[in-house]
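Written out below as structure tokens is the structure these notes cover.
So that you can tell them apart, the chains are marked A, B, C and D in the order they are listed, and the count of residues begins at 1 in each.
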Amino acid sequence: MEIVKTDIAIIGAGGAGLRAAIALAEADPKLRIALISKVYPMRSHTCAAEGGAAGVIKSDDSMALHFGDTVGGGDWLSDQDAVEYFIQEAPKELTQLEHWGCPWSREPDGSVAVRPFGGMKIKRTWFAADKSGFHILHTLFQTSLKYPSIQRFDEYYATDLLVEDGRCQGLTALEIRSGQMKQFQAKAVIIAAGGGGKMFPFTTNGNIKTGDGMALAYRAGTPLKDMEFVQYHPTGLPNNGILLTEGCRGEGGVLFNKDGRRYLQDYGMGPETPIGQPVLKTMELGPRDRLSQAFWGEQKKGNTVSTPWGDCVLLDMRHLGEKKIDERLPLVRDLCISYLGKDPVKEPIPIRPVVHYMMGGIHTDTRAATRLPGLFAAGECACVSINGANRLGSNSLTELLVFGKRAALSAIEHIQSGLPDGKGAALAAQAQASEARISALMNKSNGTETIAGLRKEMMDTMETNVGIYRTGSELATACDKISELRQRYANIALHDKTHVYNTDLMQALELGSMLDCAEAVTVGARDRKESRGAHQRLDFTERDDVNLLKHTLTHYHPTDPPRVEYLDVVITQSQPGVRDYSGAKK
Amino acid sequence: MAKSNKPIFWGLFAAGGTVTAFVTPALALVTLFAAMRYSPDMFTYEVIHAFAANWLGKLVIFGIIFLSLWHAAHRTRVTVHDFGVRADGLVAIVVYALAGIGTLLTLVYLLHI
Amino acid sequence: MSERQIQLEVLRYNPETDSEPRYQTYSVPCMNEWVVLDALNYVKEHLDPTLSYRWSCHMAVCGSCGMMINGEPKLACKAFIHEYTDQIRVDPMANFPIERDLVTSVEDFIAKLASVKPYLIPKEDKPISAGEFKQTPAELKKFKQYTLCINCMLCYAACPQYGLVPEFLGPAAISMAHRYNQDSRDGGRDQRQEVIATDTGVWECSFVGACSEVCPKHVDPAGALQQVKVASTIDWYKEHLMPWMKK
Amino acid sequence: MNKPYVRPLSKTSWFLTQTRYKRYMAREVTCLFIFAYTFLLVWGLKRLSEGPDAFNAFVQALGSPLGVLFNLVVLIAAVYHSTSWFNVTPQAMPIQRGEEFVPGKIIVGAHYALWAVASLIVLVLGV
């Protein structure tokens, strides 16, 4: 097996991975950096982010306000020391991107423009029309081309971490193009492999978001945190889950039920604000969890519109007018016309909540370090946690930057701490075991389970039992089912025996990752007997700050369900309070 | 890779393309009328000669012919390439030589008028 | 949501068993609102798990699903079934070597993109603490269109000059250089000219215009390339006829 | 093992594979006619410099069926060249006024208008 020797290996070349790579290259041009990604960097799902990235820059804003919005939005499950660090770094990182050429939208005087976003009290979301993530990703990717020390391994699928002497010393990866396994020996590894929304059938997430990074760390023995918090975005296209950015509502779009009522006022987010004059943190500018829950309420009351793709409510943007829509939301218009055949300039768009983001992920501290020395994580796959029980829109893109860089700096500190040389033979043995696992998977001919079949059962389970509102019995069913699917996974059949670009094999590996993550989600949800943020239980409707102002940590077990541990939330300034999204009252 | 010297020719090509786009159809129409004897007293020696005898006229005629030649020459070079002939150096010499000769002759004739 | 039976004719190539590509036809029940990518996914899930192709976002933004659909370079996730008859032919992107099935090798494009220095080379140094560079909406608009490129390479699949002369830098790479050249914050044009104003750079383009016709993001690379030619020509004449103008 | 397959592309007949390539080649080939026509003009100039008889003989020769046909073909080619040239000018030379770009249609329209004026002048002078 070919060995690639490097100083720091990064798994994932989305927003977080690229930011980390650039930070490493800038910190020390002599560092050897291996940037490993299963897709070409600009294909990473950061490209799909539309709305924008939050950071305090305008004079009417303050760090304290961003802090308050984030912690309240996260239903006090956020670690406040992490949030403090995050909001301090946010404007610097967004300005840094500007210096790298990101085409942020501008005010007439040439300064960067900001837009309102759900759950934010002040306009503080930097945006590049409605293609913010796309521009961030391409700016980072293109900037990374400046640094010769960043060696890219595009279309390499990371399969296992190498852990020896209690620290992470590299990984194995499959070169997809050739089907060959490669061993990467590194003094530190940063995982930035994105989220895992694909374990649900109806999601804004791309095909590549299969929780690989989380599963890699999890299997290597470092716990996953708060996995039960899965964010639904309230405005997805009903037929395929394509996201209509929160910017739609930020710019003044409103939500109606089938009777033409602005129903959000019936869910504690009123009073109704005049059309075309959105008020921050009120009505349509409430947070995602509340809006998605309100949809569920309307559906139960029979107030939704039925469409060929299921029950919907209507997002009306007509009053914004063609000019504003074309300037601020061109992609949204294009997506509605192309994929639904409806023009938001002319008619309201049917929408429904869709799985969007995972608040949980690899447990890291404020330094982006995991519990495994030498292993760091950043981006959606990590859980620092700044997002707590519910992420505010536009905090994630910023998080990629802030903690991508942080992970890089921590990794450098780690390798400068005087590490002993790795034991080549031991690492090679692990790498060989990893290779053997893959080739066994590929060569098995007597499997009876199909990838597509198991995947569908997993998705159905997650959708029916682990949705916006959950109950103990459904969650118990889900836990059993996922655990069963994990057993059956061992009996999977692979039809494609070709080494070159074997997507069948990739899907099998991805399914493995998703099942591991799904188990952490279901077990975490079953055991969290309260309602907080995105985790709402019909059998425990209240938030329980006495017993559960805590993070869930799930520990992997190869055959059994995970072991669950709880960890106190870090509170520095803000004691749990009431989340108030009826700002218009005051 | 050094910067190309194609701009010399491309500049002429572009200027020529614009000039021919504006005047060649009309010119062709005039000569077509003349060829078809559309009207006996058009395109007469006297009128044309008077035009070409004057310095401004000479300049206009030279400008049109010069730019048209170089426009056509450069595009011919590309077109020959597009038809699969890969001897670009040789083709370039031939077409630019043709345009050069045409330019020279035009100058000579104009000075004789 | 009507359903139609579509005959999907896909070019297959397995480098380990085939000496050359061949077509394979799948009969796929398609919803009318589907895109060709949905049909391929149907094949992969239900008919033939060995079919290989790239995709991710399903919303025409990641740029991975470029292929030839009825001979036309398209994003499979933006090729609507209802725009086709019941017979659809799918080929890997033209002008690129086929790695396997619908997967092509794109290293050449990536290397070319990297070669044009597609990043901001700032006119002036400015520390982060001094805040952002000012840029008016008009200055932004000047290059905005060229930032929309998703690197899908459909323009390369459409450009015959790239097919005929593989060394050609090609539409998207040169447009990206132009994007930075046009940015009011940038001062790197001279460096990029060294790469793009060459014989295998912009001068290989004969303004076929196919690139802009197929570009799913309306980047108009053909326009960008002509603008680069105009600017390079002005450079040349300035340099040679008015040497005193040189910096 | 990797064995990328390169599809053959004919260097001499590639342009037959797509309509847009045929349109392109038609546009490129106009230059041959413009080339030839310009030489005709040079020839005419020579005859003009040789005096009225020579010039009249030249005009006479133009009138042959071949001459008429040639002029006709050139006319068609030249018109095709003009339209294909003007239609793409906004791409090559966009004009930004304030924040917005002048719509391509206006730039193309202006060229067509100017074309009409130029043609009129040539016709008035020539006829």
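Everything below uses one rule, namely that a contact is a pair of C-beta atoms (placed from the backbone, for glycine too) under 8 Å apart; a residue touches a chain by one contact, two chains touch by 3 or more.
As the structure is a prediction and not an experimental result, all values here were calculated from the model.
J.: Sort out for me whether B-C or C-D is joined by the greater number of C-beta contact pairs.
T.: More contacting C-beta pairs are found at C-D.
J.: Using Cα averages as centroids, what's the distance between subunit C and subunit D in whole Å?
T.: So the centre of subunit C lies 30 Å away from the centre of subunit D.
J.: Roughly how far is subunit B from subunit C, centre to centre by C-alpha average, rounded to an integer in Å?
T.: Taking the average C-alpha coordinate of subunit B and of subunit C, the gap between them is 37 Å.
J.: Take the average of all CA coordinates in subunit A, do the same for subunit B, and state the distance between these two points in whole angstrom.
T.: 63
J.: So the centre of each chain is just the mean of its C-alpha atoms; given that, what is the distance between subunit B and subunit D in Å?
T.: Roughly 11 Å separates the two chain centres.
J.: At which residue positions does subunit A touch at least two other chains?
T.: 177, 499-500
J.: Specify, in ascending order, the residues of subunit B that touch 2 or more different other chains.
T.: As it turns out, subunit B has residues touching two or more other chains at 78, 82.
J.: Hey, what residues on subunit C touch two or more of the other chains?
T.: Correct list: 15-16, 99, 105, 136-137, 160, 206, 229-230.
J.: So which chains end up touching which?
T.: Inter-chain contacts occur between A-C, A-D, B-C, B-D, C-D.
J.: Give every residue of subunit D touching subunit A within the complex, in rising order.
T.: By the definition above, subunit D touches subunit A via 1-2.
J.: In the complex, go through subunit D and note every residue touching subunit B.
T.: On the subunit D side, the touching residues are 10-13, 15, 25, 28-29, 31-32, 34-35, 37-42, 45-46, 48-49, 52, 55-56, 59, 62-63, 67-68, 71-72, 74-75, 78-79, 81-82, 85-86, 114-115, 118-120, 122-123, 125-127.
J.: Which subunit C residues qualify as touching subunit D in the complex?
T.: Per the touch definition, subunit C meets subunit D at residues 13, 15-16, 20-21, 71, 94-95, 97-99, 105, 136-138, 141-142, 160, 163-164, 206-210, 212-213, 220, 222-223, 226-227, 229-230.
J.: In the complex, go through subunit C and note every residue touching subunit B.
T.: Answer in residue numbers: 160, 193-195, 197-201, 203, 206, 229-230, 232-233, 235-237.
J.: For a test of understanding, state which residues of subunit B touch subunit D in their complex under the given definition.
T.: Residues 17-18, 20-37, 39, 42-43, 45-46, 48-49, 51-52, 61, 64-65, 68-69, 71-73, 75-76, 78-79, 82-84, 86, 98, 102, 105-106, 109-110, 112-113 of subunit B touch subunit D in their complex.
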